[in-house]
Amino acid sequence: MTDTMTAAVLYGARDLRLVDHPRPDLLPGMVRLRPRRVGICGSDLHYYQHGFCGGFVPDRPFVLGHELSAEVVELGVGVATVAVGDRVTVNPARACGFCDDCKGGRPNLCRLTIMLGSASTTPPTDGAFAEFLTVRADQCHRLPEALDDGLGAMMEPFAVALHAVHRAGSVAGRRVLVTGAGTIGLLVAMTARAFGAVPVAVTDVSAERRRLAAELAADVAFDPAQADRPGDGFDVVFEASGARAALRQAFDLVRPGGTIVQIGTLGTEDVPLPANAIMAREISLLGSFRYGNVFGEAIALAAAGRVALGPLITAVLPLADVTPAMDLADDKTHSLKVQMAL
Amino acid sequence: MTDTMTAAVLYGARDLRLVDHPRPDLLPGMVRLRPRRVGICGSDLHYYQHGFCGGFVPDRPFVLGHELSAEVVELGVGVATVAVGDRVTVNPARACGFCDDCKGGRPNLCRLTIMLGSASTTPPTDGAFAEFLTVRADQCHRLPEALDDGLGAMMEPFAVALHAVHRAGSVAGRRVLVTGAGTIGLLVAMTARAFGAVPVAVTDVSAERRRLAAELAADVAFDPAQADRPGDGFDVVFEASGARAALRQAFDLVRPGGTIVQIGTLGTEDVPLPANAIMAREISLLGSFRYGNVFGEAIALAAAGRVALGPLITAVLPLADVTPAMDLADDKTHSLKVQMAL
Amino acid sequence: MTDTMTAAVLYGARDLRLVDHPRPDLLPGMVRLRPRRVGICGSDLHYYQHGFCGGFVPDRPFVLGHELSAEVVELGVGVATVAVGDRVTVNPARACGFCDDCKGGRPNLCRLTIMLGSASTTPPTDGAFAEFLTVRADQCHRLPEALDDGLGAMMEPFAVALHAVHRAGSVAGRRVLVTGAGTIGLLVAMTARAFGAVPVAVTDVSAERRRLAAELAADVAFDPAQADRPGDGFDVVFEASGARAALRQAFDLVRPGGTIVQIGTLGTEDVPLPANAIMAREISLLGSFRYGNVFGEAIALAAAGRVALGPLITAVLPLADVTPAMDLADDKTHSLKVQMAL
Amino acid sequence: MTDTMTAAVLYGARDLRLVDHPRPDLLPGMVRLRPRRVGICGSDLHYYQHGFCGGFVPDRPFVLGHELSAEVVELGVGVATVAVGDRVTVNPARACGFCDDCKGGRPNLCRLTIMLGSASTTPPTDGAFAEFLTVRADQCHRLPEALDDGLGAMMEPFAVALHAVHRAGSVAGRRVLVTGAGTIGLLVAMTARAFGAVPVAVTDVSAERRRLAAELAADVAFDPAQADRPGDGFDVVFEASGARAALRQAFDLVRPGGTIVQIGTLGTEDVPLPANAIMAREISLLGSFRYGNVFGEAIALAAAGRVALGPLITAVLPLADVTPAMDLADDKTHSLKVQMAL
């Protein structure tokens, strides 16, 4: 192999170039992958539009992309858990494995995490919009035949939803509301339904999104302006819109003793919240960040058809079209998940 | 009304008579119900066949039946939560409400429980194979239109399954095995599947029962003699057969760190169990007894179609045929749930 | 007995009169008590100072007081769990026992709760600053000899602390911070320590309160202006001051993945909180309201000396001095718990 | 340094020799330690007496010892979390860090664990009865000044107790029984008490052990032949004796709905257990194996004086006396923990 490869490199805001880029080294314990399908996440879009994402400011150009299916093409020294030719999906968050958070079963809190396609570390870590990437062997999860490349690249956003729903404890038999019917909101609604929540309600300001929610996952979908709580309120509210108003409204819709899970990314400014009601109505407000080791579970659920992720993929483009793909992904009226085929 | 009513009264082993029986008093806080559909439970059958059930030996003739749908026909003083004409299902276990177990959310452990159609108290408490019965108002749960009388009378066995599955914590995304494909085993398998378990496997010695399990709930059904564990084993095993061999085998099929839930009634004799493996493989063995306050949840899940209970009702007979109905219920090859229509 | 009794009746703000007041009826299932020691709670003080408490506005004069030890003097029909002459402490919150919250083990959420000495219902419910009061039998918990009347009347505020600490899950081996060293804050610190928290830190703006905290419960006590977090932060922060700034600061002091429990009463206005950090640092913010059925546990812990509640009682006055006692209770520099002896 | 070191090598049953032994290599990520104090565990004793332990049969001579405090003498490549000269205690179970069990926060279930001083792998892994040993850096936990070398070597058995008590959920405010007052039983009793259990009862057949239990940890200690259950029974029973009769008796002493935790090592033969009562009384029987990442917690609790481990160390001998030390450790009447000083 040559020392370089083709990759979509982000040079700055709205400056994404298909260029020759250094091919990553294959260290012991790592595997080299050739991506086959890579989804565009909201954070990819944010990096593309602004050149940074929240507090993460890259100090050099880098490759985006962390939702992927791929083929294993080479094994580093000591790797025995996957084989060349395996088709895999990837947990893009490489936690250290040895800190207290990792040992405590909460790797998503690991301070040493290296995240694919992210400037959360300095220098940034190259992602999957490229011919090759390398990951630690345990980041790979073999895909069964029931999951094609497109669905394989959906495992990462599905993992976000799985983690969020698990954060709420068991939702089985409980009344659930999801605020926001974007990709993550819909995935959360599907997951809550697959885990026995009843009813599953969804709110969104867009009528089209509400229609989609009702079609794919929700027993009922309504406009937040007309939100009404069932009896005493919802047992669990998942806030997946990132809208401050949605979080505030969650407190009016949740029942006494109920749980609110914050998944959506909010601005860094403080949000006025009814702290006395949290006490007097004994509400639980829980943050949910990324995911733990739920990729095996995601694969099993999707392969068994417990959730139908296919309809969330609204467009697939070749890597050459990465810039128009970003613009398409930004069209919230028509797009849910946009993927690149490599 | 007259002071008596028609009821199927158990006088002793295989001596069940349709006779005039005293009509129960309507005390404050109670409601009078007219049963519409009443299922035959394994314990009803055991009382019928032997005149007693386990340690429960009646000191006088009494009325069996505790799985029912009914119509509210009269309200005691102070009742405001149901109305005359309401169609309801009934939680037959009337816990006291004020002991530590009740206050701790575990009413199934309440030592003062009065159970319909049972000799667990002395004298025994009359049940629902009768024109009328009275229960405390909070034992009634209104049935929505989506649930007909037959399904309404399935809420009690469904509640047994719901409680058992909740005992295991969240089964979402976990590998589940159910041993025994009788009514309770099938309900547990359906519930585990509706709560996100994947895969759901069922074992039964009967090929016909395995066929049914695969049709109704299981991803896979197999003969216990050919049981094979998937990878490291099942995350959760629900023992619903009451067979000692099935419980013993559960330890071979559960993964290290996994959970076994005992639901089936076993004999009173001790069962040899691999106690050292419980320690060295860190297994959890959990008993599950009756149910807590899960009737609202049962109704919501069934009404929303998350579980399809209809196929479990294999025969419906008039109360006059209660004796042949008992014999039919005992035919494990052809019967699952046999119900009386009143 | 005559039909009236002496009671301290609140007629309005700062208008508390020792007058003849109707003696409460003894209904079936109830017991008549003669209070022996009654503590002044922050809510009693608020009613005294303002004539109301939060949204609770009495529509007629009523008797305050809900922290008590008492002697059983008469039994209503059907009471068998206590006897005349028993010395008891009382759970002042009489939940209904039959709603979903009660059956679910969360009686503190029961919408039908009748609270002693409170205008949370209309008309208000008379409390314990009186010669007699009646309560449902299950509200009484027998006091062992190891607990004198003063300690007996501490069981209610101790129950508040127990419930709050249980809300956090297990604090055993975890780093705990309590903000606010008033009676409840100190009780929470003592409880956390008795439950294995290490270290237990306390913040308070008063140097005297910090000294007391360090003496009674805390491994370390510091001024919130000089707060410093240990390593990654505290595993659990209990906000017991009711100060908005303390709740806001809790987010700076809690570790990623940690838990904040809100116990203190805050104003009804919304409090700006770092909602994005709740998500990105996966924080849990949990409200804690009153208590469930923890009085037996409170008695066992106090009687065994696991917590030393005596030093929190800073003054005991006769009922005739109820008005000066209120003023004394308001002196935060010198008073923790002020009790009335009856 | 030379290539060999002095070590106590087990050649077979009762054949323990102080010999020259190969010095372990220092691989990247590892640290070289010089042990200072090493305790004798029951498994060390079993290896010494029989040449094997349970199913673990060594295929070559090896060094025992896995309860230790030590000094860091050399760092492997890439180690930054400890420094030469640090005084540490060691988690002797090196889990892989990357399997599902490790990522799920249950490293004690990791199938790839390498255990110091154990034949659980083939070849066996050398332990700490030696001049030097090497461990992975994250196995080391720095000791504060409050913990001397003897107490530092107690962290491993204390970790066993901590894990077992955590397995039961919160024991705060709960009635706890510990069966067996050996080192582990006493540690469990101390831990349960430090975590708020009340009362803490201990059973042992030896009057001397009962006296010790009452002195160090228990509110009450009694002979199992005279065991009596308090009221409804104990909330939690920890079986720490390894006696089959003790496990069987636990079912008679635990309350309905209660929990039994099996810690003691039992023979491999099945033990007859009341499986029907597990169901009908809804008992939880939980195995507890080794420990997770509780060493930091163990250090914090011991250093803060929440438990007093010193009295459990009944003898300290030089390494030259390792054989008599084994015999002393076997004297259950006079010995609890016997340690070697190096």
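General observations
Lettered A, B, C and D in written order, each chain numbered from 1.
Note that a contact is a pair of C-beta atoms (placed from the backbone, for glycine too) under 8 Å apart; a residue touches a chain by one contact, two chains touch by 3 or more.
Values in this document were obtained by computation on a predicted structure and should not be read as measured data.
More than half of the contact pairs of A-B, counted by residue number, reappear in one of A-C, C-D or B-D; that pair is C-D. The chain pair with more C-beta contacts between its two chains, of C-D and B-C, is C-D. Note: centroid distance subunit B to subunit D, computed from Cα atoms, is 44 Å.
Rounded to whole angstrom units, the spacing between the C-alpha centres of subunit B and subunit C is 41.
In subunit B, the residues touching two or more other chains are 106. Subunit B contributes residues 162, 165-166, 169-175, 191, 194-196, 198-199, 219, 294, 297, 300-301, 304, 306 to its touches with subunit A in the complex.
The residues of subunit D lying in touch with subunit A in their complex are 97-100, 102-107, 136-138, 292-293, 296. Residue ranges of subunit C in contact with subunit A, taken from their complex: 101, 106, 108-109, 111, 167, 244, 247-248, 256-257, 262-268, 270-289.
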